[in-house]
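Heads up, the next two complexes both have chain A, just with different partners, chain B and then chain C.
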Partner chain A sequence: MIAIYVCAGIAVYAALRVIFQRNTMRKLPFLNVVSFAVTGIIALLLPHPITIAAAAAYFVGSTLESNAIASTWAGGMKKDE
Partner chain B sequence: MNEFVLVACTILVLIGTAAAMLERDPFNKLISLSIMISGIFPFIIDRGFLDVAIATALIAPLSTIFILMVCRRMPA
Partner chain C sequence: MLDESFRILIAAVICWLNFMTVDLIFKLPESGGVCGATAIAQEVEKGGGNLNGGFMMGNIVSSPDASAGTLLASCGVFCAGLFGGLFAAVLVYIGNRICYDPGYAGTTGCITATLIVYGATQVGFAASDFIAGMVIAILTIQGISYVHASRLIARLWKVRCRLLRGCR
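Right, the complex of A and B next:
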């Protein structure tokens, strides 16, 4: 029972760090921390076998999202030639 | 869901919404929207709608990627 409390505390702390950080590049690692903590909450919340599939889907989706934001902010793919 | 986790997820939704309203930069707005969507997932899971949660987890990043195509930074 203590594990889900730790995950919730980490999620709120990382979200506050994201909000009060002014540099966009420094926001993105804490966005990943929020995603990991929410994945932990989802996996621990409901004792059902499909819950782990939902947690895995959320993990993949949120990591893809934050990496897409980081890649676009850094300039995207360079057009050579 | 007990009270501590409920309050934590509510805080995530509220500060994500407030930051999405107050930010000026489009990338910071997208980051705040991502925090808001993170906050609603434990509420969907808590009711037992696991298929809805899986579909939402796969569709929400696609919408973010479509918005990112619009707000790409211009080369300096």
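Right, the complex of A and C next:
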């Protein structure tokens, strides 16, 4: 099971990059890598048909959070109103 | 039988080509899908990167695109075979709508990835190789250097515009 160690190693590396990157907007791509790696770890740890729903729910949720952070930081939804 | 680490590297290359091709065809580097993606692109450009590359990086962050589709398709095939991958495509479609993304890059990438991963499992690969491969592939774009990654995407975007046209 090298795959799970690859995912875990990349998750820790990206998390460290998130911590040491000072600019909030530039943190988000690293946070995205963490989400990818954690989604992979969830699926690899729990090989069950329902896991795909859990992994997708986690991934879409974390993407929506990043989307919300970026949009709020950029000034909200003023353009669409 | 190939060694697992070697299979993961080959899977990473296949995943990279799959999500990059689908994302470029669906014009992700053209503009930001939501205002947050545009803001990330501007920040990437301010740091010395390329604006078009930044748009694609911002779009990947803000909504499930073909890279997310490839990952979830691999997870789906790993957990439940071919139908798991197709079920993942439905979940990516719902995820796109939740994130206010009008595009279909994620769903298309998920369906193509399901076929690729399922096909590869028939010739000696494991679906878990593609999960780790996709995490490596996204690391090369989002997790190493945003300056170099955005310039690479911009170069590929120019090639796509020359071949397929329809770019602004």
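What we mean here is this: the second predicted complex is superposed on the first by the 78 of 81 C-alpha atoms of A that agree within 3 Å, B and C clash if a C-alpha of one lies under 4 Å from a C-alpha of the other, contacts with A are read in each partner's own complex, and residues count from 1 in each chain.
Simple rule for what comes next: a contact is a pair of C-beta atoms (placed from the backbone, for glycine too) under 8 Å apart; a residue touches a chain by one contact, two chains touch by 3 or more.
For clarity, every value in this text was computed on a predicted model and none was experimentally measured.
Contact with chain B, but none with chain C, is seen for A:L16 once the two complexes are overlaid on the shared chain. In the superposition on chain A, contact is made by A:G75 with both chain B and chain C. Touched residues of chain A, counted separately for chain B and chain C, are more numerous for C.
Look at A:A3: by the touch rule set out above, it reaches chain C but stays clear of chain B. Touch criterion met: A:T51 reaches chain B and chain C at once. Using the contact criterion defined above for the overlaid structures, shared-chain residue A:V33 touches chain C, although it does not reach chain B. Within the superposed three-chain model, A:L64 lies in touch with chain B and with chain C [touch as defined at top]. Taken together, the two structures place residues 4, 28, 31, 42, 46, 48, 51, 53, 57, 60, 64, 66, 68-69, 72-73, 75-76 of chain A in contact with chain B in one case and with chain C in the other.
If you check the complex, the residues on chain A that touch chain C are 1-4, 6-7, 10, 13-14, 17, 23, 25-26, 28-33, 36-37, 39-40, 42-44, 46-49, 51-53, 55-57, 59-60, 63-64, 66-77, 79.
Remark: chain B residues 1, 4-5, 8-9, 11-12, 15-16, 19, 25, 27-28, 30-32, 34-35, 38-39, 41-42, 45-46, 48, 50-51, 53-54, 57-58, 60-61, 64-65, 68, 71-73, 75 touch chain A in the complex.
Partner chain A is touched in their complex by these residues of chain C: 4-5, 8, 34-40, 43-44, 47, 57-58, 60-64, 67-68, 71-72, 74-76, 78-80, 84, 87-88, 91-92, 94-95, 98-100, 126, 128-129, 131-132, 134-136, 138-139, 142-143, 146. On chain A, the positions that touch chain B within their shared complex are 4-5, 8-9, 11-12, 15-16, 18-19, 24, 27-28, 31, 34-35, 38, 41-42, 45-46, 48, 50-51, 53-54, 57-58, 60-62, 64-66, 68-69, 72-73, 75-76.
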